[in-house]
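Here the chain labels run A, B, C, D, E, F, G, H, I, J, K and L in written order, and each chain numbers its own residues starting at 1.
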Amino acid sequence: MSKVKILALHGPNLNLLGQREPDVYGSMTLEEIDRALEDRGKKLGVSIDSYQSNHEGELVDRIQAAAIDFDGILINPAAFSHYSYALRDALSAAGLPVIEVHLSNVFARETFRHHSVITPVAEGMVCGLGPDSYLLGLEALVNILKKERR
Amino acid sequence: MSKVKILALHGPNLNLLGQREPDVYGSMTLEEIDRALEDRGKKLGVSIDSYQSNHEGELVDRIQAAAIDFDGILINPAAFSHYSYALRDALSAAGLPVIEVHLSNVFARETFRHHSVITPVAEGMVCGLGPDSYLLGLEALVNILKKERR
Amino acid sequence: MSKVKILALHGPNLNLLGQREPDVYGSMTLEEIDRALEDRGKKLGVSIDSYQSNHEGELVDRIQAAAIDFDGILINPAAFSHYSYALRDALSAAGLPVIEVHLSNVFARETFRHHSVITPVAEGMVCGLGPDSYLLGLEALVNILKKERR
Amino acid sequence: MSKVKILALHGPNLNLLGQREPDVYGSMTLEEIDRALEDRGKKLGVSIDSYQSNHEGELVDRIQAAAIDFDGILINPAAFSHYSYALRDALSAAGLPVIEVHLSNVFARETFRHHSVITPVAEGMVCGLGPDSYLLGLEALVNILKKERR
Amino acid sequence: MSKVKILALHGPNLNLLGQREPDVYGSMTLEEIDRALEDRGKKLGVSIDSYQSNHEGELVDRIQAAAIDFDGILINPAAFSHYSYALRDALSAAGLPVIEVHLSNVFARETFRHHSVITPVAEGMVCGLGPDSYLLGLEALVNILKKERR
Amino acid sequence: MSKVKILALHGPNLNLLGQREPDVYGSMTLEEIDRALEDRGKKLGVSIDSYQSNHEGELVDRIQAAAIDFDGILINPAAFSHYSYALRDALSAAGLPVIEVHLSNVFARETFRHHSVITPVAEGMVCGLGPDSYLLGLEALVNILKKERR
Amino acid sequence: MSKVKILALHGPNLNLLGQREPDVYGSMTLEEIDRALEDRGKKLGVSIDSYQSNHEGELVDRIQAAAIDFDGILINPAAFSHYSYALRDALSAAGLPVIEVHLSNVFARETFRHHSVITPVAEGMVCGLGPDSYLLGLEALVNILKKERR
Amino acid sequence: MSKVKILALHGPNLNLLGQREPDVYGSMTLEEIDRALEDRGKKLGVSIDSYQSNHEGELVDRIQAAAIDFDGILINPAAFSHYSYALRDALSAAGLPVIEVHLSNVFARETFRHHSVITPVAEGMVCGLGPDSYLLGLEALVNILKKERR
Amino acid sequence: MSKVKILALHGPNLNLLGQREPDVYGSMTLEEIDRALEDRGKKLGVSIDSYQSNHEGELVDRIQAAAIDFDGILINPAAFSHYSYALRDALSAAGLPVIEVHLSNVFARETFRHHSVITPVAEGMVCGLGPDSYLLGLEALVNILKKERR
Amino acid sequence: MSKVKILALHGPNLNLLGQREPDVYGSMTLEEIDRALEDRGKKLGVSIDSYQSNHEGELVDRIQAAAIDFDGILINPAAFSHYSYALRDALSAAGLPVIEVHLSNVFARETFRHHSVITPVAEGMVCGLGPDSYLLGLEALVNILKKERR
Amino acid sequence: MSKVKILALHGPNLNLLGQREPDVYGSMTLEEIDRALEDRGKKLGVSIDSYQSNHEGELVDRIQAAAIDFDGILINPAAFSHYSYALRDALSAAGLPVIEVHLSNVFARETFRHHSVITPVAEGMVCGLGPDSYLLGLEALVNILKKERR
Amino acid sequence: MSKVKILALHGPNLNLLGQREPDVYGSMTLEEIDRALEDRGKKLGVSIDSYQSNHEGELVDRIQAAAIDFDGILINPAAFSHYSYALRDALSAAGLPVIEVHLSNVFARETFRHHSVITPVAEGMVCGLGPDSYLLGLEALVNILKKERR
């Protein structure tokens, strides 16, 4: 049985992690998060590809490509959560299990952040736990994929 | 008199047509739809250029360029229908007749699909007829252009 | 195989077509539209019966009767689009494919015209193309019926 | 003391009962419901007149006439429930006790069916019980009238 | 110069005037109102035709016919005020000056009575003055017509 | 029996009548309207005092004083219609019959003009008839007062 | 075949029936209603257990227990109708047919009483008929259970 | 340093887990979830107390008591998520880190389940992952507590 | 004449007063507030019973019992203010004068705290004055009861 | 230490107190209320200046002047409560403690009276207690000022 | 050609500038702003009259008078921005170019400050720049007037 | 001290300036605006880089890069104003002062243009002044930066 492959997607401005507004988003950089995901992936026996973009279209392209090579998607849609129906349609079309994650507790911030157009097409959502949102989201995704494989 | 030239634009995720969610979007691929448009175009005596993109900005660029070389626009804005005011402004600025088409009956689906920011700047709209939405939209557009030429 | 029969229904005030507000609704009379539908019907190999009424109840009666003798319904519900749940229920009960058409682009007019209670029970909708809305709607309906017959 | 007379009114499309959408509205025809009402009426010592129309105006006319000859009204306004203020005003003007009934549980269906403009001018409402909605509504109405006579 | 002709239209349930809910609508019957209109019309040098119906379609038919023979319309749309876009479209299509009247002060009653879909296509509106709403509405209409004739 | 006394109140910017935006408000000045009211008052056997102010507080003061010396109030609240609850409370406290008038058809203009906080405490409302709104409003008020005197 | 067993549940403040606000809720006490239910139950060949509580949690506990021993639930959720999603989930989980009843016509009272979170998970609803709401609701429930048993 | 103590709270109807609606909530019982939490707790070096109640007041009492003996709260508020401001205030007053969990993806279900009054006072939220929501929520909570201890 | 008896009710989480969030709710404990109420009661010649509960049902039970033995109710419904229609109905049924109090200025906090379902059935409301809200509320209640006794 | 000085402000139409609508506002005149405030002020050792105006601007002027000479403001904004952001800004700028009072229970009256733009900038609010609203509001204000002085 | 004359209007509470809430409105006084406007006016070759009032009516009066003597209006409507339709109508009637300015960024403050009823009748708006809002607004206004003069 | 550097960003379709819809956006091209900005920049002693894109992602990329090399951002987000939370987050993360400008008065156009998601993270906003919006926005930005440098 081939190794489980997971695509970790990071939405707009997440490349700035660690440098800016650390009180909201923490002091860890995106590279560090990606490395932590990789490490955790190794322990869980899955491989992980990471991709960040500030371009909605590039994320859509990447999701479409993923439908062929990957088994699941871990996504922090960042600001796109609130309006990118294109992203939603891409995830829905991909037909893979999706876990949505957010570093901050979006429900304790500005009203517009309380609504995500992505969650209804995801399996589940994790928010407010900082980098742990990613790591626990990854675990959840791997568990879902393992169940499917059985 | 020069030949009428029409630009057929396809929004995000339409490149996946035929492969995914065929119960909603049908089994025809985008290539097949483009070929059918071309065939119908020949019968109607017009030439057709097709363009698909998952990138809002590329569609805007394409519309701006079209304003010079084309006579009308046939567009399925897909998910962009619901929020891309940039697309709307581009179409409005182009000053060409626009026909908006949708494969599925958007009014019988999720609430967010009931509202298009594009329709108010289009001549008309066709939805729910599968690939026929495109073909009939093309006919409508050609008729409008013929009337203008007279 | 018996000939396909289509009922073309025209809602309130459409009997005034051609005489009033030609800038909104065009200069063609309802009789001319009906004749154009008949002509196009002949080419498509279907027969068409037309019926206009300003009375919601008469349209409901007509739809109920149609369920027995007709294969599809082409309807311009006009003002009834925006509130006639009786018409909606009748169309839904008839169990025939329905195409909704509008002469003008209702989404570019007063807000109350943006919402149709009929569209969710129709196969598709065509608007903004003047008499072409009818003719293309007819083509769409015939295509749907042909597919069903196969 | 003269016999109690009750008018049973059926709104649009209820003449189709038993033939269409039996999963929603049951397999009993309107004739069978009317006969069941008559039978139950006999047991309760009241006479019942039934009337169905797809025309709002005819129902209003019938309610106005009823104000003179009848003692109470049992009404299933069907689709008119959701917008016919004319029906509401007629019932209110009639000054007779009114019971509103619905075959299906309207609150478990489309949102527009959750709101009835009729209920505020009725004594009570019964919904979701199929033909029993009518029979129990009749019992309720007769009980109200008996109390008034005392 | 031919005599000015005015059509006075009465919406649903207004035939009950004087008999029911006199605390809301007054004790004058519709016949008495029509006679008062006629008398006032004579003084103003105009002829008046009256028509009441509980059927939306009949009022639409009447308005369409009026467009040919009459110079202005005085209308109390009653319950139709709140939802009859068919009536609105008919009045708008007729191209005659329209005055809307209401016996009661609709803005001091239930919320649904605060909104009329008719007023935006009328010249003006008079409400809350009992039968005077009609008589003053007539005067206003005659004044408008006189100015136009000049 | 003492002569009926009526207070005619004009809200903010009505002192500009005739000079500005004549396409909306007509070419008659406020002085001319006041004179026309006086003339009509004479015919109706009532005396009329007029008062215009751009100050909400002055209108409230004037209404409070009127409660002692006047029999009825004719008011065009102009822009105050849409937010002056102080004016509403003053009119309500005065305990006199109030007729609200508007020169233009407020329901055919900007949305904010569709809602008046004054109408619920008035007897009736007249709008859209130009200076006739005042004159007919006066007649209505005099009729109400005559009925009360009887 | 074992006897059909029905649980009659009464929400908060219903223990006060007959003593307070008799103009709204009638003069019958809850004990009398329970006795009337028992009597009617005997005639219908079913046994009835009654339970009233002002505690949401106790009603949820009781519903959970009922899922084992009872065949159907007759419930007047009283004030809990408007917000107790816990009650709704309990009823939904119980998997038994549920009939919701209200003594008063909730749709003719304060706006907050127009919305019940319970009705969408009930078979049907009866309101406005005083104690008859319970008795007719019971009949409806028994009929549903009889049909299921067949 | 004393052992970290965590309170796991389960809201209304969660005692039914595994028995009812397994398609929505899975086949694992609450006891099994509690055991899994305990096991995971042992691995993480923390002790866990579990408590379920259908009574809002008992959950509030339990949270108040927890403020003294516990270090963090893991809560699935179930139906109380949507309206229990009492629970929210109790959690907020407790001053302990709180993680909210849901078995199902609440954002893909009925609209009323999309809004939680609890999340704004929690550190984070995990939903849609079945029993994993609890286990990952626990891990997150332990990580937060470890960081605080440092 | 028997001594006036007042029931002071404290809603959920008020037992925590003085210990938690003193910046919002002050440093006085509930016991101290109760003692202050007692002292003030003595000066005013009334006796006071206090009761706090986190259980909505217990508060409803207590209010029902109070209807017999007490003359007035002073209540701080805390979080229940915003959704407990059960509490509202209990207070309304008790038929005693009710004064609602809040320690903090609820209108200067989160939006959900701006709306109380209790106030419409209370005589009056006092908020934002810390423990003074209770003491002044008590004075107000005693004054109301004294007026009634006269 | 100088004597505490309090400004008591009365909004529009409050000069009519005692004369009009005594069922809503009571039979006490504003002079009597002012005297009662003075008396209570003497007992509390504070001096009180009263000021009533129907002019929003005069109240704003008065508040601005008060910022220099006074220690606190007791205000019944009457109708201005619902829209005067100018008053709100003036109170906010004054930087003095403010207590808002209302004679009637505004939450049991028309919907527009449920919202005050003033309360968010006040310390607290008292309503529904007739003249007691003023006297208790005064006590509250004095207590706040005493605490500040300490 | 006569010198361009500009009226600078300051709404309620702006006379307090510099003294209060300097963190929001800056430390410059209104006199200093007026002087800065004058200085800038001199450089631009225009004369400037300033006027501040807390009275809506006085600002309306001033605007009406300005229509005759001035060429443009620079206005900071302050709190009146959010509700003074009287001011809006006055500005609209004046027929002069209007520039609206705000010292603070109103869109980053309370929600009610996000909506101005004035902006739709102004040429443009400048906000958030402190005293620069005035100076740049003045430049803009002068540029508009210069273009018109050409 | 290094020279102040400002980034001027132009959103979608602004590259079309001068060519299309000159009645709305004026006749000046974007190149001319950029040159005017440069000229003004020289006078103010700052250097300006301009960048236009129809791609949201490119603007986000550009803003992120700017955070290192630039001192302030002047942005006309055009259509992105109304939905691009990605742009908002990028501007917010950049930590530079931002001035938002619009050529037209967006508040006098379609409703969707009245709301900008960008303004709350900008220092200020200038709209409706044509190319002057840019030039005055630049001046404002330079003034802010000068104050910071001091």
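Throughout what follows, contacts are C-beta pairs under 8 Å (C-beta built on N, C-alpha and C of every residue); 3 or more make two chains touch, one makes a residue touch a chain.
Here the structure is a predicted model, which means the values were calculated and not measured.
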item	value
Both-way neighbours, i.e. chains that touch subunit L and touch subunit B	A
Repeated interface matching B-L, over half of the contact pairs identical, chosen among B-C, A-H or J-K	J-K
Shared interface numbering between subunit C and subunit B [over half = same, under half = different]	same
Gap in Å, rounded to a whole number, between the CA centres of subunit F and subunit A	64
Centre-of-Cα separation between subunit F and subunit C, whole angstrom	49
Geometric centre distance via CA averages, subunit F-subunit B, whole Å	55
For subunit D, residues contacting two or more additional chains	55-58, 83
Chains touching one another, given as label pairs in label order	A-B, A-H, A-L, B-C, B-L, C-D, C-E, D-E, D-G, E-F, F-J, F-K, G-H, G-I, H-I, I-J, J-K, K-L
Residues of subunit E touching subunit C in the complex	55-58, 60-61, 64, 67, 83-86, 88-90, 92-95, 117
Of subunit A, residues touching subunit L in the complex	11-13, 15-16, 20-21, 53-58, 78-80, 82-83, 112
Residues on subunit C engaged by subunit B in the complex (per definition of touch)	99, 105, 107-108, 116, 119-129, 132-133, 136, 139-140, 143-144
